[in-house]
Amino acid sequence: VQPIQPTIKIGINAPLTGDIPKVGEGTKFAAELWLEEIGGAITVGGQEYQVELVIEDNESKGESAAAVNTKLITQDEVLVIVGPQASKQAVPAGGVANDLETPMISPWSTNPNTTLNRPWVFRTPFLDPFQGPVVANFVTEEFGFTKAGVLYDIASDYPKGLAEFFKSAWEELHGEGSVVSFESFTTGDTDFSAQLTKIAEAGAEFIFAPQYYNEVPLIVQQAHELGFTGPIVGSDSWGSAELVNLCGEDCYGAFFSTHYAAEGATGATKEFIDKYNAKYGYVPDDVAALTWDSLNIVKTAIEDCGQITGDIKADRKCVRDAMANLKQFPGITGNMTFTEDGDPIKCAVIVRISEEGKFTFYKQICP
Amino acid sequence: MLLQVENLAVSYGNIKALHGIRFQVDEGEIVSIIGANGAGKSTTLRAISRLVPVAPGSRMSFMGKDLLQYPAHKVVTELGISHVPEGRRLFENLTVMENLRLAAFARKDADHIKRDMERVFDLFPRLKERLSQKAGTLSGGEQQMLAVGRAMMSAQKMMLLDEPSMGLAPLLMLNLFEALKELNQAGTTILLVEQNARMALQFAQRGYVLESGNLVLAGKSQELLENPEVRKAYLGG
Amino acid sequence: MQFFLQNVINALQWGSIYSLIAIGYSMVYGVLMLFNFAHGDVFMVGAYIGFFVSTGLLALDIGGLIGLPVGVEMGLILVLTLILAMILNSFVGMAVERIGYRPLRDAPRASAAITGLMIGIILETGNLALLGPQRRSFPELIQTATFQFMGVSVTNKKILIVVVSLLLTLALHQFVRRSKWGMAMRAMAYDYVVVPLMGISANTIALMTFALGSALAAAAGILYGVAYPVLDPNMGILFGWKAFVAAILGGRGSILGASLAGFLLGFIEIFVTTIFPSTMRNLIAFGIILIILTFRPHGFFGEPYSAQLRL
Amino acid sequence: MPLLEVRNMTHFFGGLRAVYNYNVTIEPGQIRGLIGPNGAGKSTVFNLITGIYTPTEGDILLEGQPIQGLRPDQISSRGLGRTFQNLRLWRHMTVLEHVMLARYSKLDYGLVGAFFGTAKRNREEARTRQIAMDLLKMMGIADQADQVVTNLPYGTQRRVELARALATAPRLLLLDEPTAGMNPGEALQMMEIIRQVHRELGLAIFLIEHRMKVVMDLCEIIQTLNFGEVIAEGTPEEIRNHPEVIDAYLGKEVLF
Amino acid sequence: MDVTPGSLPNRWRRIRQRLGRFWAPYRSVPMLGWLVAALVAVLLEQSLGLPLARGLGLVRIPALFGVAIILDAPILFPAVLAYVLLIYLIPIALVARYTAPLANRMARWLTSYPMVVGALVHLLILYGVLHIWTGVSDYRLLVARFTMIAIIATLSLNVVNGYMGEFSCSHPGFMALGAYTASVFNILLFVSDNRFGEALLPPVLGPFLFPFSLILGGLVAAAGALLVAIPSFRTRGDYLAIISLAFMFIVKSLFENLEVVGGARGLSNQPNYSTLPVVFVWTVLSIWIINNFVRSTVGKALNAVRDGELAASAMTVDTRKTKMTAFLFAAFWAGVSGGLFAHVIRYINPDTFGIRKLAEVLAMVYLGGLNSVVGSMVGAVGLSLISEALRPLEIYKWIIIPIILILTMIFRPSGMVAFREFDVGAILQPKDEPEKDVDYAAA
């Protein structure tokens, strides 16, 4: 009789249905690719453990994400949870993970509340308070502009947060009122002509649009139709291979800040991109890359932990501590060290969309 | 024989409204069905118009054709049976004119439609005064006229009338029945359902008495009028 | 002034889309008295059908085969796409009627609203399951040409959209008001039970209504694709609800009312954004709607409540 | 003081003059009839008196108090009960619930009672139920109390309407064609009920009918309306022989 | 009708007869008996569940009767079935059947006291069952709390949409008002965070003042409902539907713009006050009060407004007051449910209370049944459990659930248990007296 090998279960809390299914798909694909990559097993303390992914759909709803986390923790007894992605799910789900003392790492959530006062919760992306100034500094240095226009989705957590941090950073550089137009719309809107007309009217030299890649083409095209000629600058949410498919030439030459540049990537990053592309037929977007990194952080933490005791409580604690102690973890989206709160300190890159529609590396900006 | 009904049974869910009745109507006749509230009179007419599904085993034929082969709208267009439903059921959001035109929906013969329209106005001059008024704002009697007018516009081989006298002023009722008589003389067979049994029998040549879903009596109008049971139950002594 | 005019142009385009979806909605709503909560998703399906048809036609390269100039070819493809997608989408509409609404014709109206909502979810999820979560980019059938006119930017697309939308609205209005089919539809709205007694098949009218409404939704979907070329499975949800608002605001069963309300909605949204801080847009826009309805409780062309003898 | 007095009441529907310069005075305990051709404006008179429409012109006084412009529920609470020409029952409610609900304005407990089921509420409900059951007994339909109205025969539904109207404790009862859709036998029963109601509750009754037997047998005074105007008023005998009434309404030969 | 022997109706009848015979002994089991039986089952699960599950080859106690397990690994179906039979069905059946005489005696004894006493005894046992059942797994606990909150929301929507027959779409808005009010109240007073600063009162007081915060939330929601209630005097039906929809969008937009409560970023750090007993008590309270209301003659006025407003007002019913009451009352409970909800997930943002929430509550109301308190319970519990249990189906879940709803609407257009009164007295009765309508064989 073989002794039953304990398996390591990793929960994935992903939005497979609901508003952002593409994010769910990226998460799922990256996770499956990762499992393949590690051969379905992790070796801890000289012993090989099978790894099992428990992927659950949170329908991109907060309460579902909380329920999924509870289920993963108490029913499936996962060791650690990766996800949820969007903050409106990650904040409540993080509360559950923290209460039930299970390490969780969100690959994509940028809301400070996700990790705040929650020792069990981590994240992989840099935060808005960092990214906002990155873009402000970059535009100032690159173009020497002084008048900014911002267009963002007020009903959505991420764009709104980023837009505000950008605004304060820009006004710090150029003085009060240098964001000449600060316009918003609501999730699901597709006509931005009134806002863009207003921005153009206010004399903005460029537009900062920290929007999801599916809204970017509409913003860019409508701005051009209205005769706006300045650059339109974006944020990490632009980082999807689909952007160029949807936007076409209108987006060529645009800049955005993000975690990594797909084109011209080297080393592990390139390897990941190539494998993902080979398997799923498109270049992974930043969600996939961040999920990949999150899973590798999890793997390293488990390995660092040194042993799997089978006592799930102790193991979770061990993994959490190991994660908190990671130093300069070399991820494909940059090197990461976690702060007290579980937020990474990492660099951002500025990507330029080339004339071939490729995301090319332009510049790196570190904290 | 124009209409032949055999073993007609109808249920609404668990409620059996008709228990297999049998009757017939000959060409050119006026036949009336009388009975108490809920006896199944309206149900009989609805069954003929194919507005309610009938139980298996029911048979109905019209001019030798199997009526059950026709869906409701074809009973009107292909067999020529029109129906003035209980409670008038006008399209109250349409004008009087539109109601009449709609009734001729499937007809292609523009000339005949025009002539029929004239006949309707001859019978009910009041309608002509109110052509562009919404049917919903007509008074009860005016609505009843429109309902009959509408039936005249849709088909004229046979007309099924469900309590046309309900709510009508005495004089109007007279007018209406005179109009119906004229219609009948012009070749429309009439099957009339009435609560007002005396008047119905005076108007019709033959009558049937329906009681809780069964036909219990049949005969010449005069016979029925004189039948003591009928007198007691339906004519108020 | 120029700023104002620019926004009028913007509002016209946006309103046209709303208007087209709203009149499609109003068809079903006005005729069958049903909240057709699936309509937004039928619009989405229409846009996708348009996407596949036009992509297919582009791939066929008819112009190349018979040597048409590119501009003409694109125009031809647009027209063909419109026609084909309208036809195909009308079948979708008829299927929706057959599955979700006909069995419920005797049921409370709200129940049919729920089936509509559910069919909508099935269409969204079905799309997601079949086509995957990625967005689609509607092919550029018209090369954008921007005209500067008194300092205002107008594109050929905008003109096309407004014109097509107005034409379709007028055509439909005439159809419903004047033709006997339209009359039958209005009769159906009032009392579908006795419609067969007029020699009219109620099922045919219902199917036709859904077919027409869905064809219009397809047209709206394609025009939308031309103006806002990113399609995703959930794009219909918000439009569905806005069309619901417009259709009712216009007054029960009134095509012109729905169209007018659609444009009004477009104007409100654009001008509220223009005049007020844009963050307050929904707050103010819906506040205006609430106020309009408080003072005109039966919409623009609807009958007053006291005259609605049957509810 | 007369129970109800209507002075110079006129009402227009758009351009249509439905009621013109209408006057009526009803004394307590009187039974009055209103007849006239279809579309004469009879139902409109009722709708005006009960507040469903507001008259374009004129005064309506209930025991000397003007009531025009009040809402229907305010008017009915003051003792004006009615039935409708086309039945207007609440299709999902039982017979008993119909009658109990008509006691709405007489209920002596508030929302707190309704929410928390206080003892007072239970007492009130029991009392109301008793009153309602008594009325149903009077109508002879007490055994159908728990039936949902849609399943009932038409004649029974008419009785429910009457019982419901009586439950509002009216001093004047307006009946719009109470025997419509009944066969002669049933109509006789309904007349009996009306008489009984009148006798036992001492109400004034104002009724619209097209069935001459009912009007002539029941009413003390009959008004005839044509094109919204009163063309004749008098005892049944006078009305029966009034030439204008015969012309406009009765016709020369009487069928029944 | 000519029915050949052995045809479907006959076979159907035979099956029903057999079922009826099987069911016969259980007809005399009173509610008390069922509750005790359920208590035994959950106690059994608490003590033997885990070893039994392990023995059957399951890793854990199946949380929601094992549906999720089966969907994940169909091969485990026999094991799950065995578990459900051994832990739930067989013990419940045996206990219910053989303690029926005793339970009936108890129930009869209870009827000699005021109804409140009997009701409290039943509720206490019910709570015990829930407590033990959810004690086995936090997942169950969470699902149970969500489900009970859904009951409150569904019931309150049923007051307007079912009892009064309006198609109101404003419920998520009311819930949002309640959720935000209660959250702000509690965070401000009892939580030290970087939004509202130090706690103003000692946190130990929090749980005691929690009911006040919920009531306050309910009242704010009710005040908001005025915006919908007043137009309802002049218009109804479809027009009111979009007024209420506009209201929902306005509330959502309002909170998006309210920076103090976090705008789109949402509000978190609510204390964990919505515990199982708290939610349970509020759910019972809402059912009790709403049921009282809709069964009173004052509440029946809602039905009359729905079925014929004109006739209602001609029968002395003050229709304005009735509509006002219905909207404010429903909004109050929606607000309470929102407050409870906020303290379960302990994070809210405006997006939580949008169209999707609307679709969800509407679906629960219409699935369960219009004009029926039991219906709302069935709808809320049914849909919550189905949607939790089908989670493993991922995307197909959102094809299956709509199909279930469409089929329900087609076969039961007013919902599963529509137009039924919820008579507490009858539920508490002993059941051993022969009933009049036991003619199941002939049915």
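Labels for the chains are A, B, C, D and E, by order of writing; each one numbers its residues from 1.
Following the convention adopted for this analysis, contacts are C-beta pairs under 8 Å (C-beta built on N, C-alpha and C of every residue); 3 or more make two chains touch, one makes a residue touch a chain.
Only a predicted model underlies this, so the values are computations on that prediction, with no experimental measurement involved.
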> What's the fewest number of moves from chain A to chain B, given that each move must go to a chain touching the current one?
Replying inline: 2
>> Please report the minimal path length, in steps, between chain B and chain D on the chain touch graph.
In response: 1
> Farthest chain from chain E, comparing Cα centres?
Replying inline: B
> Across all chain pairs, which one has the most C-beta contacts?
Replying inline: C-E
>> Taking the mean of the CA coordinates per chain, how far is chain A from chain D in Å?
In response: 73
> Distance-wise, how many Å sit between the C-alpha centres of chain A and chain E, to the nearest whole number?
Replying inline: 37
>> Roughly how far is chain C from chain D, centre to centre by C-alpha average, rounded to an integer in Å?
In response: 48
> So how far apart, in whole Å, are chain B and chain E when each is placed at the average of its C-alpha atoms?
Replying inline: 50
>> Among all residues of chain A, which ones touch two or more of the remaining chains?
In response: 17, 21, 154, 186
> Among the residues of chain E, which ones contact at least 2 other chains?
Replying inline: 252-253, 256-257, 395, 398
>> If we count contacts the way the header does, which residues on chain C are in touch with chain E in the complex?
In response: 29, 35, 99-100, 103-104, 106-115, 117-119, 121-122, 124-126, 128-129, 237-238, 241, 244-245, 248-249, 252, 279-283, 286-287, 289-290, 293-294, 297-299, 302, 305, 308, 311
>> Applying the document's contact rule, which stretches of chain B touch chain D when the two form their complex?
In response: 34, 36-38, 87, 126, 137-142, 144, 163, 166-174, 195-199, 202, 233-237
> For chain A, which residues count as touching chain E in their complex?
Replying inline: 16-18, 21, 56-57, 59, 61-63, 66-68, 70-71, 73-75, 77, 87-88, 91-92, 95-96, 99-100, 111, 113, 153-157, 160-161, 186-187
>> If we count contacts the way the header does, which residues on chain A are in touch with chain C in the complex?
In response: 17, 19, 21-22, 24-25, 154, 183-186, 188-191, 193-195, 197-198, 201, 214-215, 217-218, 221, 225-227, 242, 245-248
> Any idea which chain E residues touch chain D in the complex?
Replying inline: 289, 292-293, 296-301, 303-304, 306-308, 310-320, 325, 371, 419
